[in-house]
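Residue numbering begins at 1 within each chain, and the chains themselves are lettered A, B, C and D in the order written.
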Amino acid sequence: MAGTKYQYVKNFELPDPLLPGTFMVYRLDGHSFHRFSDEHKFAKPNDLRALRLMDHAAQNLMEEYPDIVLGFGESDEYSFLLRKSTSLYNRRQSKIVSTLTSYFTSCYVLYWPTFLPDTPLRYPPSFDGRIVLYPGEKEIRDYFAWRQADTHINNLYNTTFWTLVQQGGETTTQAHATLKGTISKEKNEILFSRFQINYNDIDPRYRKGSVLVRTEVPEEEPADKTEQQKKKAKKKAKPRTKVDLIHCDIIKDQFWNERRILEQ
Amino acid sequence: MAGTKYQYVKNFELPDPLLPGTFMVYRLDGHSFHRFSDEHKFAKPNDLRALRLMDHAAQNLMEEYPDIVLGFGESDEYSFLLRKSTSLYNRRQSKIVSTLTSYFTSCYVLYWPTFLPDTPLRYPPSFDGRIVLYPGEKEIRDYFAWRQADTHINNLYNTTFWTLVQQGGETTTQAHATLKGTISKEKNEILFSRFQINYNDIDPRYRKGSVLVRTEVPEEEPADKTEQQKKKAKKKAKPRTKVDLIHCDIIKDQFWNERRILEQ
Amino acid sequence: MAGTKYQYVKNFELPDPLLPGTFMVYRLDGHSFHRFSDEHKFAKPNDLRALRLMDHAAQNLMEEYPDIVLGFGESDEYSFLLRKSTSLYNRRQSKIVSTLTSYFTSCYVLYWPTFLPDTPLRYPPSFDGRIVLYPGEKEIRDYFAWRQADTHINNLYNTTFWTLVQQGGETTTQAHATLKGTISKEKNEILFSRFQINYNDIDPRYRKGSVLVRTEVPEEEPADKTEQQKKKAKKKAKPRTKVDLIHCDIIKDQFWNERRILEQ
Amino acid sequence: MAGTKYQYVKNFELPDPLLPGTFMVYRLDGHSFHRFSDEHKFAKPNDLRALRLMDHAAQNLMEEYPDIVLGFGESDEYSFLLRKSTSLYNRRQSKIVSTLTSYFTSCYVLYWPTFLPDTPLRYPPSFDGRIVLYPGEKEIRDYFAWRQADTHINNLYNTTFWTLVQQGGETTTQAHATLKGTISKEKNEILFSRFQINYNDIDPRYRKGSVLVRTEVPEEEPADKTEQQKKKAKKKAKPRTKVDLIHCDIIKDQFWNERRILEQ
């Protein structure tokens, strides 16, 4: 057969399985989104339309890939937790990281006009992805705590910075100088004393980031099902789930105690 | 600082550099494109609009990433050759494979309406990507020969199959049976004797696939440049390049002898 | 400096860190030990001298590498558990696997004359090693259970086989045929009814394999130490440990409950 | 069967194949040989007995593993080149690196009494190993040039240093100070003007290191072989080879031009 003599090149494809029995965290980041948000005139410090688009793409990804049990997003990045026992694409690293990044990107571009109808895309946005393995529940808790702590730090800074510029009349250079070396308490104080803004009153979406959780949907049974049909349905059915967006604390225990995210 | 105590989770990110001094081939494939092409009613055996969109996305990718020196596409897959000495993203595997796949996907979705204006996207298409390393020029030649031989085999089969169905009135089941076990010569014979189709007259785009080559663009110098400006320009400038689409044989030597693709 | 222009070749050395926070199991196996045991006329089914040499080499390895918290050996193989948080050689895979295998081999050859004084080494024996990562305690328990179950299966077979040959007068071919398809109970029955051997009376060394556990040695304080010296000693000292060889069940809970092997 | 339920732990063994079509360089280094050479009172700057033992172990390794086509040793390290197309142990990294290191170590310990009959081993010596992949011939040439340049630098320094101490009556601290910042020419000058030593007259073994090359041995045919036997022998036989030790320049072209080391 034509081509047979070239097939040896397939031998250079090396396996890249990820260690079984570990949690995968898949994280994606916008590629050069500093420039991208400038070019598309994103509102500062947070562009609600762009954040909603991120959430929507992430939600779509979780609906397409049931093995993702948790998502957390802030700004132009999103982290997803896959259940420990997932055998998605036989745990092949390149396959997983490329496919998930592709699907997310596809959603982002496809639904862009829905969320930013007045802002045509000037060029194709892209994302990079990576997978990090964590062996235990503690590390997973700490990973998500790390991201949400980061959200807090960034958002407090950005909120104060842009308030100084937009309401305080400072140049960006001046605002940088004003904030240099300040700790959280001082930023809160600037917001409150100079602009009567209580940081804790700001929309939790910005302060806490976006949390996507999967919950089971109780299946309604049609009244006229035979016993046979019921048995069959019971056997087959994975419970249907839906993905909810919330903006809550995921550092403390409560969030995790109320859900069985890590036991799947 | 808040978050500091969680930062240890970064230690679980392991390095994934690709061996220096080797050619990278990056290949992407449409994910479940059998279903995707059905849902979007792609013409059989080849949908010119969809192929042009693939080529356009690939061309965009090569324009964005100058280290890609060659592209080859057929159907819903594309292979790209990166020059041996590339240090793109420090040769980190996940970063490269995710970013390139994301960028291609983004182009595919963004330019879909341009190429298939009458066919709205029904759901987000996605691609998977992989990187294979090849140490030498021979393997690179054979890799691309392998893909083009595959193009030939698939296209001859599909062309004959769909001619039997579309012009010969066979069902798809019948057409499968007709072709079962046939060799190339027999498929050519079916096309010619029953349908007066000379396979070699078919558009080379379908028979040879799409080849994207990068060529240098001679920079025109404005007449009024000072000597100083010229020197400066000369020093800085990487030669500008453009990416051309052709449909030619890449198995034989001629294609390679006429270009310095592997010496970069 | 001479040599500077060649130093780029160091860039081809790629990092190979093992995932943090996971247990490493390091296992070594005799290389072609079927032939080796024939050439050195090892007693069948078990050569006590050779097994003691294996245990001695393993004990030495554990004394040299305090991060090894458990060893299990049977025949010409040995498995070692490293504590989860070990940072031995920065968890570099090749470094660990090569160094441990080298050290074990070195002990095996060096102490050979001590354990087999009448049998000169006819050629250099060698071992291969590998590292397998396990994320959790359950997998570690099951790993060692797997090896001990294997010890049982092999030893019951070999004991019966060689009894048939040595005491029953069968050829090896006949003994193979006699045992073909037999289950454990039937082998026990052959031993008991034909040779009056109660398998459970056989030395646990053969039935259970060799278990190496590390225990703390209480440090005696010399009577004349000053308070200053005591404080200093307290501060510095990791508790001294010794490595004990036992032959006991490691499948059931008792062994693990009595020790804190996995919590280190 | 007993043990079956534990067998899943085998799934945690991940494949580790090395890229085909590349040269493997396997390098081993003595582990803590500074202390080891002190404890065993190695002569300074070079201990001929210990170097001969290294060479002997390396020669044994090459005789055992015909896929090694070149060896280069200095001090307590040795590098080995495997032919590009080797399929030794299916190119599995851990298997190769552990087995080769084990075999070398085994030879080193086994033949120690032959080469250092008056110096009993005080404790088990060990080595670490690593494999580095190189895609092309140029990198292989440069790798070995790098090691030989290193041999030169180290040996010139050590020779001058120990001459200052042994013949010049300097303390080691003084000798360090004397040599600090000196270039090669100055070390040569110290040796010549103060001690009448022409560095180039020193044994090439020390100046050039040890080079192990494999050469074919013409097979003598017994006179009484039948035609049939000859045919069979011809078909089966890999040419027999032997491994020669030389001490020559391997940086310049001559060494490589006279042999077909890289073309195997």
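By our rule, contacts are C-beta pairs under 8 Å (C-beta built on N, C-alpha and C of every residue); 3 or more make two chains touch, one makes a residue touch a chain.
Each chain and its UniProt protein: A, B, C, D = tRNA(His) guanylyltransferase.
Treat the numbers as computed from the prediction; the structure is a model and nothing was measured.
Undergrad: Which chain's mean C-alpha position is the greatest distance from subunit B (tRNA(His) guanylyltransferase)'s?
TA: C
Undergrad: In terms of C-beta pairs in contact, which of C-D and B-D ranks higher?
TA: C-D
Undergrad: Distance between subunit C (tRNA(His) guanylyltransferase) and subunit D (tRNA(His) guanylyltransferase) based on Cα centroids, please, to the nearest Å.
TA: 30
Undergrad: Could you put a whole-Å number on the gap between the CA centroids of subunit B (tRNA(His) guanylyltransferase) and subunit D (tRNA(His) guanylyltransferase)?
TA: Computed value for the inter-centroid distance: 46 Å.
Undergrad: Identify all positions of subunit C (tRNA(His) guanylyltransferase) at which a residue touches two or more other chains, and write them in rising order.
TA: 12, 14, 19, 21, 133-134, 139
Undergrad: Spell out the residues on subunit B (tRNA(His) guanylyltransferase) that touch subunit C (tRNA(His) guanylyltransferase) in their complex, using ranges where they run on.
TA: Interface residues on the subunit B (tRNA(His) guanylyltransferase) side: 11-12, 14-15, 17, 19-21.
Undergrad: In the complex formed with subunit A (tRNA(His) guanylyltransferase), which residues of subunit C (tRNA(His) guanylyltransferase) make contact?
TA: Residues in contact with subunit A (tRNA(His) guanylyltransferase): 19, 21-22, 133-136, 139.
Undergrad: Mind listing the subunit A (tRNA(His) guanylyltransferase) positions that touch subunit B (tRNA(His) guanylyltransferase) in their complex?
TA: Residues 1-3, 6-10, 12-14, 28, 31, 60, 93-95, 97-99, 101-110, 121, 124-134, 139, 142-143, 145-146, 149-150, 152-153, 184 of subunit A (tRNA(His) guanylyltransferase) touch subunit B (tRNA(His) guanylyltransferase) in their complex.
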